[in-house]
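Before anything else, here is the set of structures, which you'll find just below.
The two complexes that follow have chain A in common; it is paired with chain B in the first and with chain C in the second.
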Partner chain A sequence: MNKVSVYICTGCGIDKLDIERLKKVSQEEYGIEPVVHPHLCSKEGAEIVRNDEADGIVIAACSPRVKTNVFDIEGKYVERVNLREGVVWSHDIDEHAQELAEDYLRMGIVKAQKAQIPEPYLQETSKDILVVGGGVTGLTAALEIAKAGYKAYLVEKEPNLGGWLAKNYKALPTAPPYNRFEEPIVYRLIEEVTSNGNITVYTSSTIESISGQPGMFDVTINQNGNQVQFRVGAIVVATGWKPYDAKKLENLGYGKYKDVITNLELEQMAKEGKIIRPSDGKEAKDVVFIQCAGQRDPNHLPYCSSVCCLVSLKQAKYVRELSNGHAFIIYKDMRTVGIWEEFYKEMQQDEGIFLTKGEVTSIYEEDRKIVVEVTDTLLGEDLKIKADLVVLATGMESTLKGLYTVKEEFPDEKTVPYKHIYELHPIKSEEEVEELKKIGHILNLKYRQGPELPTLRYGFSDSNYICFPYESRRLGIYAAGCVRAPMDAAACIEDARGAVLKAIQAVELVAEGKTTFPRTGDIDYPQFFLQRCTQCKRCTEECPFGALDEDEKGTPQPNPLRCRRCGICFGACPERIISFRQYSIDQISSAIRAIHVPDPSWEEGAEEKFRFIVFACENDAYPALDMAALNGLKYSPLVRVIPVRCLGSVNTVFIADALSSGIDGILLLGCKFGQDYQCHFIRGSELANRRMENVQETLQRLVLESERVKVIEVSITDWDKVPKIINEFVDNVKQLGANPYKGF
Partner chain B sequence: MEVDVKFTKEIQELGGRDLKKCFQCATCSVICPLSPEDRPFPRKEMIWAQWGLKEKLLNDPDVWLCHQCNDCSDYCPRGAKPGEVLAALRARQVQEYTFPSFLAKLFAKPIGLIVYFAVPIILTLIYFATFNPQIPEHEIVIGKFIPHTHIEYAGFAVGAWVIIVAVISVWRYWNYVILNNIPRYGEGAARSFFDGLIQTIVDIIYHSKFKECGKASYRYYAHFMIFWGFIILGIATIGDIIYIYVLGVKELALPIWDPVKILGNIGAFLLFVGSAWAIVQRLSDEKIGAGNYFDWLFLLTLFGVAITGITIELLRYAGNIGAYYAYIVHLILVFALIAFAPYTKFAHLLYRTLAYIWAKNVGREVKK
Partner chain C sequence: MAGEILVIGGGIAGLTAAIEVAETGYDVILVEKNPYLGGRVAQLNKYFPKLCPPFCGLEIFFKRIKSNPKVKFFTNAEVIKVEGEAGNFTVTVKLKPRYVNENCTACGECAKVCPIERPNEFNLGLDKTKAIYLPNEIAMPFMYVINDRYCDKCGKCVEVCKYNAIDLNETEKEMTLNVSAIVVATGWKPYDAKKLENLGYGKYKDVITNMELERMASINGPTEGKITISDGRPIESVAFVQCAGSRDENHLPFCSAVCCLASMKEATYIREQYPDAKIYIFYIDIRAFGRYEDFYNKIKEDDKIQFIKGKVAKIEKDVEKLIVIAEDTISGRKIEVPVDLVVLATGMQPSSADYKIPGIEYDEYGFVKEKEGIYPAGVAAKPLEVAGANESATAAALKAIQIVRR
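Moving on, here comes the complex of A and B:
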């Protein structure tokens, strides 16, 4: 920054500090005359700040998480020094707290001085949106896109639109009294979609490749041998589900007996008008439905597909209507969630539908009937039901399951780097990986990190993104419907709407060079000083969003519009060639070095004045600290908290800088990692953890104790525990003694 | 495992209309103050009824352990009214075991009202045709209209009929329902049959089971009054018989301070208040349900007997000739009440008592 101004607010208890000493820090150490105001966020105070001509403004007042409407000034760099929650509300006011406040001011000024005004990455972007999949989800998505005033492209691999719902005989009731079936909604949707001028439909089409970045996705599709190309700004993936292979359910008689079928096969029979026994073509009168077939079972699908109970109730009514027979439903639980409870109640009223909980022990043929033996029933005894037909309620798998989605899951080096991935995917051989690569893909993304949306648990797409549903690990690409979780048609429709809203947000933001969650609106993107790149490939591999492609040599090729601005790349780079304009290696290193570490050889009482740094991630850890302060909890005044965007952006050079400055201990507080990760940038805290394990070696070489650097997972709800965590760390390191490199 | 849809429909028509609503949450069994912990009721009866398991339900004595306190219906989250379902099942068992079954089946439905009243009315007409009783002028003395001896003979005849029917029905009930359930449920207290009998009688005298009622706590008082009112009326009748045959009293137009009369009035008052209270309370709670036709027939007949009896007395003391007409109506109602007792809810007298003797013998009561 060319010119930096400093404002110190003395409201909210900050006046308990020695303001004169604070002023001196700014005046004598940095030559900036600070402006002191008793109530900076008032209309009058805000005016003064706004009218300041400097392009870097340091506001020493409350936390950066509050009063953003007052202190965020367009075109200027504002550095918020947290004297309120960070000092006076979370510490006793004494000499230590005073020194803490002064250090925070020093760090703030230095960071403001090192910051630069960013320029947005502006390109000619498209605001059209691609929808992949023409089932109920895709059709709804395309319609919502058109209704919102954007252009949609709908790509469907089958010759007809409608997906699975078009194959249904009837659909579940959507209005009271919930006892009248309806026509599947897809027929109406297909009509609306095909007659809408803003939607271009490609059926019998698959995607050959998608290259580029949000706003500039270049899509090539193959329609019956012809290639079509177009550009879109965002993508909604709505490719839905595929049925679990019932041939694996031999223990339930599928494949062994012709009269044991799946719920899909029954639906088809109903659509053709009669429910018959496949073995002899006679009408099926007594039909047994077995729920949770191959589901909620660690040997098959370990989860519940959420719709099969509803489907079986519906199909039981088909049996009553078409065959005037009896339908027996054997369930583990009746999962008719929400308003579907009304539907369950209505179906129960039917005299020919019999429901009981139970475990099926065996299925065999006897006298041309299929006998189903059930134990653990509600009737108080074991049952032996002689059925004409047995219907297995099999479940849903995502269409992404089994595809080679992300390279890191099956890397060539035979090591799977991330815990939440290796916990689910045992290491496979290189040959198996090659076979997987040959199976047809959905998106065929030309991303270095892999051709598909990454998957998480059970093969569904990773839209786990905790606080931000629909967001995936690929910016600008949104998953909706059963491809991301089993759901019924009503939920698919809502899901499609949600994904479309996100897609629209994405195209609008990237048109202005801005990113989406969690740093929505940020225009500052990482700059690469490629002359010094050693092609180590750490950044290209570790970027959680695949924002970096590689050339043949391994040099990173950034795609700024794919980037969520986490800074994990800059934390990874050993050459430190990556930086943001407003968040750089130089900035943080300088802030670390600006901390005044009392030198025992010069200063009196310096032995008592240990110094610690806490890197706190802005998503969970820093807010937890603020919340602890809001609740009056206090922690050691010897720690200097440096907010970082993600622990993954903590470069090991910061540790080196800190230790060589004489800092006694470094604590990294960040979000949980692992299979149920909470890290808002997916793997930042896990990477930090791994890097700090490597740092242990360096520490040992320097004859420093490994306990001086620690990574601890916290979540925002742990605000009551964070002060204790910090104090424990401080006490442990104090026991080890001061950093021997102090004063060097 | 055969499901009988017809049977389910029968139970629904007998009052268990909402039985299909049950989803086996077991709240009813938990809340029932009379249900034992092992294989409690009424939950299992609900699902058996949904599946039309006729054999199981007709052989289930647990339905008689229920006193229809209706806590279950009150707590049922689905409004399945298990209290009503068990009442329907009791009606259905009475139909099955009382001899001959077709009469029980007849009286369980409103169409049976025709026979219910036709029989006593026709008998009354036959009597009038045969004996041509005359309404005395200038005095209200019931015995001069229809001689008491005629009433006695009719009473013995009806009584004999009822006893024969009861013995046959109880025999059937005992074999199918009670004996079928001894090996199946047996555990816990193994007392003697006599001991069980005494305990049951004590329970009845104190109405201890009724005391457990939560929601419908009025039932303890109402039933107590109906039960004891009826017994006191019976004692008063015995008093009358002693007057006639032992003390040689010619006319039973007793004055109001006569001890037997006083007893009779107390009985009548209890019966009247008890049945009126039951009628009013039954209609007061929609969630619990008002009870089925089978129950109402008995209750209204009792009430009718009480009110016509009181009417006769009031009219007699007022010197009004209407007393004689009230007497005819009263006799018709009393006939229906007693003669058809084994086929109506009145049968619970025997079935429930036997079920409790059984329950005490196999240890099927709530452990206190």
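Moving on, here comes the complex of A and C:
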């Protein structure tokens, strides 16, 4: 920044430090006369800061997590120096704490000096939204987009809209008393969609390609052989589900006996008006429903399909009403979750619907009936039911299942690089990948990291976050409905609305050059000094959001509007050519160099003054340290904590710099990784872990012990543990002795 | 100034609705009756199925709110009346005094001198705080608050506060808002376990609710995370009683959607601290829907966790142990299982079951009914888990925005 001002607050116990010495650091080392105030966050104090002409402001007071909005000044770069939680609340006040405070002030001042004013990445963007899939979710999405005043394109591969729901005879009741079936809502939705002037529908169409970035997605579709092109700002993926292949359920008699059918086939029969035995065309009177036909079975679909219990209860009623017959439902657990319990109770009222928990032991044909033998029932005895018809309640598979493969994201890798992917997507052979390509992709994204929305276990799409269910690994592309999780129609409608909100939010934000979750509104984006790029492809491979494409040589081609601003790319780059204006390699390297490392060649007692750096994830580890301080827990004052956007933004260069300037040890505190990762940038903490394995080479070269650099996973509520982790690390390194590079 | 969107309730669903609205570019006002945001989830130790701490998500929510000028929020505030129609609602809000203003730095000197203690409702009354207190470690706003039911206005805090942050004479105020649309995210409360007389809650100390176990297991809970029983013996066995109130015509006729998964999660808390404890889960149906089945499978791998299909009839007390009396519905036999701790998986009752805002429509259980301009989110709409609540809140945010844009 051009001019940096320094403010030192003396409130909340900060005055226990030697404020004169702090002032001297600013005056003598940086030539800045600091302003000292007893209550800087007061209206009056904040006013003084606000009126400061400088464009860079250093606030040496409390944690940046506190009074954030008070010191958030538009157009200025504000660097918070955490003297309260970071020094006086977490340390005994002595010479060590004083030196810690002075170092923090130095680090803050250089970070402010090195910061620059960002310019947003502004392009002419589209605010139209593409909806892929014309079932209940897609139809709802398109309508909701239009109702919010935006234009929608709806692409459906079948000739007709309506999806699976249009193949249903009746729909579940959605209001009390939960005993009256409804007409499937899709018919009304189709009418509304096709008559809405803001919705363009393409049926019998597939997507040939989607290139570009949010706000500027160029879509090419193929409608009956004709190419159509248009530009959209965001995408809602509502490609839904496909039924589990019942042919794989031979043990339940499917394919073997004509009178064993699936729930979809029964729905079709009911729609045609009569429930019959396919073997002889006679009306089926006694019908057995077998729940979890494939679901909750490690050999088929290990998960629960959520809706099958409801569907069978509904279909049991069809049997009652259309055939005047009897229905038997054999279930593992009756999963009528939440308010659906009411529907279950209504169906239980019907004496012709017989329900029991049970395990089907065998199914065979006898006297032109299908015999179902059941054990473990609630009746105290095994059952043998002679049925006219057996209905298998088969489950749902995501349409994205298998389409996202590790091979596509990491074509050059022999082993899968990231645990969170490896555990969910065991690597496929070349043949398998070729096979998948034949099935065909759905989105055909022109992204370096593969043509499809990345998926979680079983092919259901993101999010892996409980708190942020729509955040996907592809900014501007949001999934809804059964492609995201098995769900009933009412839930699909709600889910469509949620995804549409995120799509609208994305088009609005990127139009202003802003990113979305979790750094929503950030306009600062990574700058690449490509003249020095060595085409190592680390940044393009490691970006969790597919923001960086590559040319043939491997030079990164940034798409700033796909970027979530985590800094993983700048952490990856060995040439240090990637930086944000306000979060740069230069800022962090300079802050590391600003730490005063006592030099044993001339400073008395320097041997005792070890110096450590802790890189702490600003979302979890850093708040945990604040909360430790709030609870009066103390940790070593020899440690300087540097908050980072994500542990994945820690460049190994920082480690090398720190070690060569005499820092004795470096600890990285980041989020849990692996299958249940908690890193808000997907794989940042895991990347940091991998990179630090590589740092061991640097350590060897410098003839330093490997224990000097360590990564530990912590969570935000580990505030009782974090001080211990730090102290143990410090003690272990102290036993190794001082870094021999001090004073060089 | 119609155009703004009101979100009632600052729990996870309300936070989601508010921030999603604001980040899409609309002004939003969030009203929360507690002196802090975060609601029920702030009281949970971990979420299923990832077993991650709710503070992690709250930190991100609060960070987004702090840096977004489009979100205005009021804590200690209650909506008392809604009038008007979609596009033009007049909403009356009661602002209860906090007695602590924005000058507060959360330095904590006031609590040190406060002579009065009060039961800490954040820990469900299981411990105490001073009458002036910081609600929790992640409190938003990060400010102290005085509970005026206990404070005797001795003035010691005022004397010690260097920042002129305490005003004991603050009074209740009312404010009127003119908004276009309303998202109702008033959430839930645990069903009152005292009503389940046969299950011994209130009679035996070691019969606790699932929410009490959450507090006990939390590092900032009354026992700093240690799960204990009243006489201090190490816990050898625990019973979880599912559907404690839920799926019961006499209590909550609906299924609360989360309790099966919550109990499995809580079984992991027990296991962490007592590697050999025997854990029994008495259930009617295990409702691990969708991909949550993976979590159920993971819990089943623990051979000291036994799932027993059967509704618990009664809890009694032997000399030392509690006796769980139930019918094992598979064998048809009555069983009696002695345990050290009984955890009642009490269900979720909509908060509005006993407090209804005039102008908002409710169903017979107290769930909010959607109508033009008024959209329920989270458990105000129906029983939901956290991810489901946030999905529903995001959907409600869209409906609210559509009203502003029309």
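Just so it is clear, the second predicted complex is superposed on the first by the 729 of 744 C-alpha atoms of A that agree within 3 Å, B and C clash if a C-alpha of one lies under 4 Å from a C-alpha of the other, contacts with A are read in each partner's own complex, and residues count from 1 in each chain.
Basically, a residue touches a chain if its C-beta (ideal position, glycine included) is under 8 Å from a C-beta of that chain, and two chains touch if they have at least 3 such contacts.
Fair warning: this is a prediction, and the values are worked out from it, not measured in the lab.
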Which of chain B and chain C A:K345 touches, first, second, both or neither: both
Contacts of A:P176 with chain B and chain C, given as first, second, both or neither: second
Contacts of A:L378 with chain B and chain C, given as first, second, both or neither: both
First, second, both or neither for A:S590, with chain B first and chain C second: neither
Which superposed partner A:H326 touches (first chain B, second chain C, both, neither): first
Touching partner for A:K357 - first (chain B), second (chain C), both, neither: both
Which of chain B and chain C A:S279 touches, first, second, both or neither: neither
Contacts of A:K147 with chain B and chain C, given as first, second, both or neither: second
Chain B versus chain C as contact partner of A:M334, first or second or both or neither: both
Intersection of chain A interface sets (partners chain B, chain C): 334, 345, 357, 378, 380
Residue numbers on chain A that touch chain C, as the complex places them: 11-13, 38-39, 41-43, 62, 65-69, 72, 144, 147-149, 176, 296, 302-306, 333-342, 345, 357, 376, 378, 380, 456-458, 460, 465-470, 485-487, 494-498, 500-502, 504-505, 508-509, 516-518, 520-521, 619-620, 623, 627, 630-631, 671-672, 676, 678, 680, 715-717, 719-720
Complex contacts: residues of chain C adjacent to chain A: 12, 16, 20, 23-25, 47, 49-57, 59-61, 63-64, 66-69, 102-103, 105-107, 137-138, 142, 162-163, 218-220, 224-225, 247, 253-257, 285-294, 297, 309, 329-332, 363-364, 367, 382-384, 386-387, 390-392, 394-399, 401-402, 405-406
Partner chain A, residues of chain B touching it in the complex: 1, 3, 5, 8-9, 20-21, 23-24, 39, 44, 47-48, 50-51, 53, 78
Residues of chain A defined as touching chain B within the complex: 326, 334, 344-345, 348-352, 354-357, 378-380, 383-385
